[in-house]
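As written, the chains take the letters A, B, C and D, and residue 1 is the first residue of each chain.
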Amino acid sequence: MKNTQIKILEEIKLKNPIFIEALPGIGHVGKLAADYMIDELEATKFAELYSHHFPPQVFVDEDGLVENMVNEFYYLKSQGKDENDLLILVGNSQALSPEGQYQLSSEILDFVEQFGVKNMYTLGGLATGHPIEKPRVYGAATDIEIIETLRELDIEIRSADGGIVGASGLLLGLGKVRKMKGACLMGETPGYFIDAEAAEALLEKLASLLNIEINTDKLDERAEETRKMISKAQQMEQEIMNKAMGTSEDDLRYIG
Amino acid sequence: MKNTQIKILEEIKLKNPIFIEALPGIGHVGKLAADYMIDELEATKFAELYSHHFPPQVFVDEDGLVENMVNEFYYLKSQGKDENDLLILVGNSQALSPEGQYQLSSEILDFVEQFGVKNMYTLGGLATGHPIEKPRVYGAATDIEIIETLRELDIEIRSADGGIVGASGLLLGLGKVRKMKGACLMGETPGYFIDAEAAEALLEKLASLLNIEINTDKLDERAEETRKMISKAQQMEQEIMNKAMGTSEDDLRYIG
Amino acid sequence: MKNTQIKILEEIKLKNPIFIEALPGIGHVGKLAADYMIDELEATKFAELYSHHFPPQVFVDEDGLVENMVNEFYYLKSQGKDENDLLILVGNSQALSPEGQYQLSSEILDFVEQFGVKNMYTLGGLATGHPIEKPRVYGAATDIEIIETLRELDIEIRSADGGIVGASGLLLGLGKVRKMKGACLMGETPGYFIDAEAAEALLEKLASLLNIEINTDKLDERAEETRKMISKAQQMEQEIMNKAMGTSEDDLRYIG
Amino acid sequence: MKNTQIKILEEIKLKNPIFIEALPGIGHVGKLAADYMIDELEATKFAELYSHHFPPQVFVDEDGLVENMVNEFYYLKSQGKDENDLLILVGNSQALSPEGQYQLSSEILDFVEQFGVKNMYTLGGLATGHPIEKPRVYGAATDIEIIETLRELDIEIRSADGGIVGASGLLLGLGKVRKMKGACLMGETPGYFIDAEAAEALLEKLASLLNIEINTDKLDERAEETRKMISKAQQMEQEIMNKAMGTSEDDLRYIG
């Protein structure tokens, strides 16, 4: 019995795809940005990933329907002057155990590699623990040229004062071993609520990097919806994950 | 060496069986209801499941006999006007680790699928943490038609304020991926004692759904017995499981 | 790579062997009794078991030599009027993880089954948490005839007020599924020191059950040695195991 | 999918190599000593090890570049009158789970055994928890002849007052089963900062044992750099590892 299953909904081919990951994490900054982007640009879901490494539970939605722990792959064919298709990973969960994290990140890379992915952006939040006037976006990358590109877009470079825990870190790191390049973008956030402003800041930088346009007018509205949908169950989920990583919110700077 | 073994006690065939799961959880509501139903309707045990994913211990019964951690499958041939046979899963334990939970739920579904199961009810308790005058029964389901049926029977629909942790959630969720349909029924309970009233409320709703009759007169007596039999060991068990799930009784709304 | 290796030191055959297990646990009662018995009756070591399920450490002995986590198998050919050979398992460690506990107990049963084992005694301590004037010996068993035998020897029968966690419980329980019979004998002990008196009480009952004689005169001396040898490292070990089982000394009645 | 991968950077042959291990641990004493030795003697990296057993994260260096959890193998051809080549293992991480620790130590031994390793030194720190005037070096070994050699060099022999947790212990212990010989050298350190003095003491004893010369003049400077580079992330890492081992800094005497 395989611990992880990917269910293909549509057979697709992609042209020079850029991989974007945004699984649940601090302030749901990455998830909110990517979910909005998928809606706004009308990306198409083409695969679902189920795994024994997710927390052993289901969510219940507002209609009383059970919802599996799942990761979802979307694609977006290149638009306007941009030459790259996009392959976007979102979901309601990350792997729970440390070894599950590695296993799942490897299987995700195996999957996206088939579509010719050579570049990626992983999205997350950087928790400050205190209110922020105007959220900045921080970045870390697999090579120095990308660092330069981030700098040109006024993205703050993270220096050696912390690691990146979870999928956003591992996908970059394991990708690097496979000669994939990429960066992790982190929206600065207090970390204790669904943060639309951090997601907006993040989305603006991502749009510049991808050379596309994303209208962020409805992001605030979306954040409100997300606040409602992200039930106590998902908060519980976050707590479970934090414990699994052996960290508490107190000593945790970043989960992406 | 296989981590899970199913020992067949009797080879059987079932007609349109409905699968009912009731493993230990909050207030032992589901377990109490199902154990009573098995006794009252004289269901027959036909298989036992042993697993390395259970807690590493044995119980000692009132005669000093050791009792393995075990899950047990019972069947009940259709009665009166009802057209469905029943396949009931009870036991003294759930898998301890998150990955064990997924593994075991998958193996249980593999097993019951062989008998033609397409529908299921998973039974549990919903902890309120405070005394309840008249326990309500809550429900969540895999599709909207079942939700409607639950509503017609005055079962409260859970909205997006919590998940369902453990076997009651996973069996529904993993079943849904296999095109099985079902609902989780949760008897409202303070959660800190063996709750016969919640089990009675649950059993009445279940009987309506299954279109059978169950005399609940002796349920209270049974609850008393269960209180005695469920020793400190099983309380210890519950605590171990709570810890394994990364939750404490404080932040835990539901384990089924 | 196999997670568990059994290194055979001597090829042996045994006549109707009775299997005796005494791995580290509460008050080291079982271990102390079995180690003494091995010395006193001059049993012979014939196999060593190494496992990835043990704690990830080595001990350092009084000469500065490193000592692996290991389980050891001894045999003793039948003496005097007794008809059974003995196969004794001792060691400095138990499996750390719950699934490791099941795995290792299964592999131990696979191994001893080759020698024709059909009966076993597992030895441990029963922690009271307070001083004891004259330690009693408690028992639990796989069938009612053995319970009767225990009663005849004034062994107290444990009723349904607790489970047996760890190897002493699992070997009995998993053995029962394989049609092996047996009992767990537990010497009553405060639980927070190396308890020679509990071990002596245990050994006397075991000798009666095995129909052999064991001179316990030097047991006290041996306990003193054990106290010295059982270093802080082994106490640390015990704490790690307690945590792994999700229990603390406060809520733990028995580990055998 | 393999959980551990060793990436060969250069195919080499070694003459009677001595294996030296120095992964992160208490006070980073072993790591600091070995990193310095590699720089000072200009050892060459020839292999990298990546594993799913490492913590699920990446570090970010001072330039914003992501850095995988990795172990690295260096070699040093024999110098001057010494007849042994050296094979040195350093890295930024140890396996997180107890079973991962065993798995990884076994795979490391499989790898170094190919080069003919028969002897090893594992390096670490011994935490005192209080300031030390002149750090001593402690040792434990696989056989009594090595203990004698350690004594001749005024290395204190650890007696039975503690174990050796982690790679430094397991490599020795599992090596012993394979007939490899070796010792663990531990520099005495308060344990709560990067300790150049303990590393210097350790390096002097190691140089004597290896019969080579190492100029330790720049070690203090190196310690300062290490202090800067060992970011909060690596402290977090240490905390995660401590928790994984089921120990806290309070009850932990040694991790090597």
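Keep this in mind: a residue touches a chain if its C-beta (ideal position, glycine included) is under 8 Å from a C-beta of that chain, and two chains touch if they have at least 3 such contacts.
Since the model is a prediction, treat every value here as computed from it, not as a measurement.
Matching the C-alpha atoms of subunit B with those of subunit C calls for a turn of 90 degrees, to the nearest 5. Averaging Cα atoms per chain gives one point for each, and the point farthest from that of subunit D is the centre of B.
Per-chain Cα centroids separate subunit A from subunit D by 36 Å. Computed from the mean C-alpha positions, the centre of subunit A lies at a distance of 51 Å from the centre of subunit C.
Among the residues of subunit C, none is in touch with two or more other chains. Contacts between chains close into a ring here, every chain touching precisely two others. Per the contact rule defined earlier, chains pair up in contact as A-B, A-D, B-C, C-D. Taken in their complex, subunit B has these residues touching subunit C: 1, 3, 7, 50, 52-69, 96-97, 100, 228-229, 231-234, 236-237, 239-240, 243-244. The residues of subunit C lying in touch with subunit B in their complex are 95, 98-99, 101-103, 105-107, 139-144, 147, 150, 157-166, 169-170, 172-174, 176-177, 184, 245-247, 251, 253.
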